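Quick one: the structure is below, and I'll ask about it shortly.
Chain naming follows the written order as A, B, C, D, E and F, and within any one chain the residues start at number 1.
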């Protein structure tokens, strides 16, 4: 049997040739310096990919909740964790101090699945068209799904800091916080008012708070 | 050559057998009475499908704009036009009277492409995360695309009624109007305020206008 | 509250970092000079994208119908309107002078949805395998769907010029006009005849008209 | 270690429960009697699925080539071989007697990959828009790909019967033979002529041959 | 302004009509009693959907690790948590007692993303064709991605019980444990040996342990 | 009619302009030197694409079966046949000498469809979770489907060499042979044993045979 390795070597070569330039079949670690396309980033050459491309440690420490919402979102999307590029999922860490709130927002590119790992979180979403509200207070270990593109929120529901992990059905789901979209940019107040029915005073007040202009 | 038709008949039979129970290959006209799945409605039996399943006349007349927004959206989504089921696109008609506004909204399930066919429309959208605003006044014949899931709006930009058609990259893109999602349902005012930074008086005022409670 | 903006600035930074290299999450305006892939063109850098990348004015004027078919198709596919790249839809304008005809054709890459905005159009498609014909005369405001890849046509059905807009479920649906595929290239006449049952005289005549050779 | 099987039994139960109603994860053998949806047929209950649902013997014998085209297409699409339902591919057998021809046709729903297993086949396709012709004579063992939705043909290129297998990127790719779509149905001759530039005599002659009317 | 609510009511009706039979646009809670298709389960009628359809509490308690692998996988796939149906993601809880092991396995239907929430886990996967091994010891808060369909494993890497949550890019990713696929069924030992190079004694021994026959 | 060609020329120009930079609509022949993305390779410029990009002759001759498994797999995936890039399917040739075996393996990226063209092949797959075995001996002309990601095998079932062609629902389905993944790399024996229940002696013996270390 001492010739088997060499015989196998021949057979392995066939396969290796196949794999050597077809690594997209297995994974496509994002090369943030290369061209992007609608499906994501270009792939790093398989030869230089290591296990560290598939591991991310950025979610190990709490996000900074010393801010007005007493909360933080720490994303591990393909832009932060290129190993997810092309693989159809991503994750983020939620830290909610007591009274912490993740404001009403949407993810244009994916559905979200929340798992509570510390404390309690009151979470909900609103259906489109019918505007039905679905919300509930979740305890440690509970999970809740938020269908793609629908407005949803998370609020600390208890007296201790809450922590959750949210998975997404896209490596780059996006995050659009309604209050920031309305008040943290240069969208003219008149347009905000016309398209939301909000009063001018309310709009101007929140633009001042959130750094918007116009 | 008089035997050819029968010979062809044999050949056609082969093909007809193939097509007779595989109509999904061509189209899947929605049967609104059958079970729905994630991909859409069940298919009507091909034998009872007629050209009228592929034609819809509901967009021929103006929607009623005698309302507070002086505007109307008339959808031809798969729920109204089942011939679109499974085909990956849909359409709606926009009517904007003078001063008319389509309030800020998203389509969770698809991108939108607007073509202006009468008057002028000021339209815009807001990118996620960066909150960049992209808006412009469009004249007759101009088109503008609104990427999937992003907040956008349309306003009559001139002195005459404006009409547009908006196509979508889904037969059932959904429509979530932010003001309705916030104020036209039973989402408790306290939650609205916590998740949007709006004042209590503003929230209560708009709930009264839009028929919300709580 | 004067410290809030800076506090928010910290929070916004988190999000901005996320968005700064993940713009594919929102849109991917096509860079026609960059490499293409199966999913479309490379993305322009978000920093240089403006509202004009999402607006196209090429459909505002009638196409030239002074030709044998008395009709014109003016496409706004991703090659003409790169803002559509990756967004799953596109549009074209149809101009049909009196007696105008869009010859029998297919779109290999997408389904089509026609809306008539002026005049009347007789439109139809043919199912695969069963070869069933579905056609109808459409008036202003009517819409008709043509399932992906099936042969279809549009003919001016009235005494005045007709105009329509056709949306597609792909940013690059393609357009294969059967008569051009058969007679406007160098496909040898013998092959055309063998594969279509057409007579040699007919094939040669149409090759002469449409500029074909062989 | 004698207690291990029972301990494993507990563990297996967890998994079995998971699998017992989630069989869609592995396969979805089509139930031709159940409702169809845009994604295909309903699934047979996994409990009654056997290996014979995944095996099809219909391609073992030659199709009948005693017809005007001296050729036959024997499909194993999901309508004939329901085990393919939902799995994204299918296959058909081509038999081409000497002088046999598969007429110009498209598959609206998938790309095609031909492998020649006997004889030689001259095959080609025509690109959309540019109308470029790509054709070549293939010998035993050669493969050729025909991109989705494009017109293509196969002709026996030698002096002996040819056999090929064609795979598709869809379980139900469809088959639209141009000559049948034009001449084997009730599409009025006047419409055929207007939309193809063919002469009335040619159209009437082929309608007679192929069993068309009108 | 007292007439506005009724005017809005009219406008809301338009939208409500749209949503009333098009709920698939937002979500499709699985009806485990209805027909399944390739895209998942049938949808529960929106009228009977409640927030509890979107919340699952089964991951709150540890799985039973009193078994030979000292580990448990508790899935929340669409079969256990029908609210995930059609939404493109799912999750499971991993419990690894000291010395606990999740044996080598694949998920045929999706990629996996692990987040460690207690203890340390040594995890790895093997690329296809090149057979490259990527493995690392992960501490609390670390995440690692396992590309779709590739063999991977998780082992408790420390002296205390470890807990993780694994998200998937499919609501029904499947789970194929190699040792069970080889030794826990009736696949004849001769076939196992021929297709794995394992010795007869080894195969028979493990079939005995894992309850296999043949 | 002598002016028609020039008139048509104008009309063709419109279309040609459309096609000239939108060739992705038809095909995207892989440029193995360009950047790869999650959807595949970059596209060769259409201007330099010829029919030879769509034809591959590498499957015409038998693979070398003078090896321990008495079998060979010759792939025509997008890495070997770039014309398949982006088209959703691929193919490989199986050669099984007498007693030949394709060892237990999976394709992480696609479903497989086998057609037997010479001899007889005993083929089977194992379902996930339930670990059900589906296997059968196939004769010339029989086809069998292997759902995506599931373990399967093929064995020569007769006294003469067997040949088959296997199609895949992906241009780059991957190939992970279980025995190679376990024993032909540097995965430490201790990890192999812990994650497969195999004995140390068995693991070390096969690592020696297949060239593994550790």
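Methods note: a contact is a pair of C-beta atoms (placed from the backbone, for glycine too) under 8 Å apart; a residue touches a chain by one contact, two chains touch by 3 or more.
For each chain, UniProt lists the protein as follows: A, B, C, D, E, F = Germin-like protein.
What you see is a predicted model, and the numbers here were worked out from it, not measured in a lab.
Annotation of subunit C (Germin-like protein) and subunit E (Germin-like protein): jointly contacted by A, B, D, F, touch as defined at the top.
Identification of common neighbours of subunit E (Germin-like protein) and subunit F (Germin-like protein) yields A, D.
In this assembly, the C-alpha centroid of subunit B (Germin-like protein) lies 19 Å from the C-alpha centroid of subunit C (Germin-like protein). Computed centre separation for the pair subunit A (Germin-like protein)/subunit B (Germin-like protein) is 26 angstrom, with centres defined by C-alpha atoms. Averaging C-alpha coordinates per chain places the centre of subunit B (Germin-like protein) 34 Å away from that of subunit D (Germin-like protein).
Each of residues 15, 18-20, 22-23, 25-26, 35, 37-41, 108-109, 124, 127-129, 135, 147-148, 150, 174-175, 180, 184, 209-210 in subunit E (Germin-like protein) touches at least two other chains.
Pairwise, the chains that make contact are A-B, A-C, A-E, A-F, B-C, B-D, B-E, C-D, C-F, D-E, D-F, E-F.
Of all the residues in subunit E (Germin-like protein), the ones that touch subunit B (Germin-like protein) in their complex are 1, 4-5, 7-12, 14-15, 17-26, 28, 31, 34-35, 37-43, 85-86. Only residues 15-16, 18-20, 22-23, 25-27, 46, 50-52, 54-57, 59-61, 76, 81, 83-84, 87-91, 110-111, 113, 115, 117, 124-125, 127-130, 134-136, 138-148, 150, 165, 167-169 of subunit A (Germin-like protein) touch subunit E (Germin-like protein) when the two sit together in their complex.
The residues of subunit B (Germin-like protein) lying in touch with subunit A (Germin-like protein) in their complex are 101-104, 106-109, 124, 126-129, 131-133, 135, 147-151, 153, 155, 174-176, 178-187, 191, 194-199, 202, 205-206, 209-210. Note for the complex: subunit B (Germin-like protein) touches subunit E (Germin-like protein) at residues 32, 35-41, 63-64, 66-69, 72-75, 77-80, 108-109, 170, 172-175, 177, 180, 184, 209-211.
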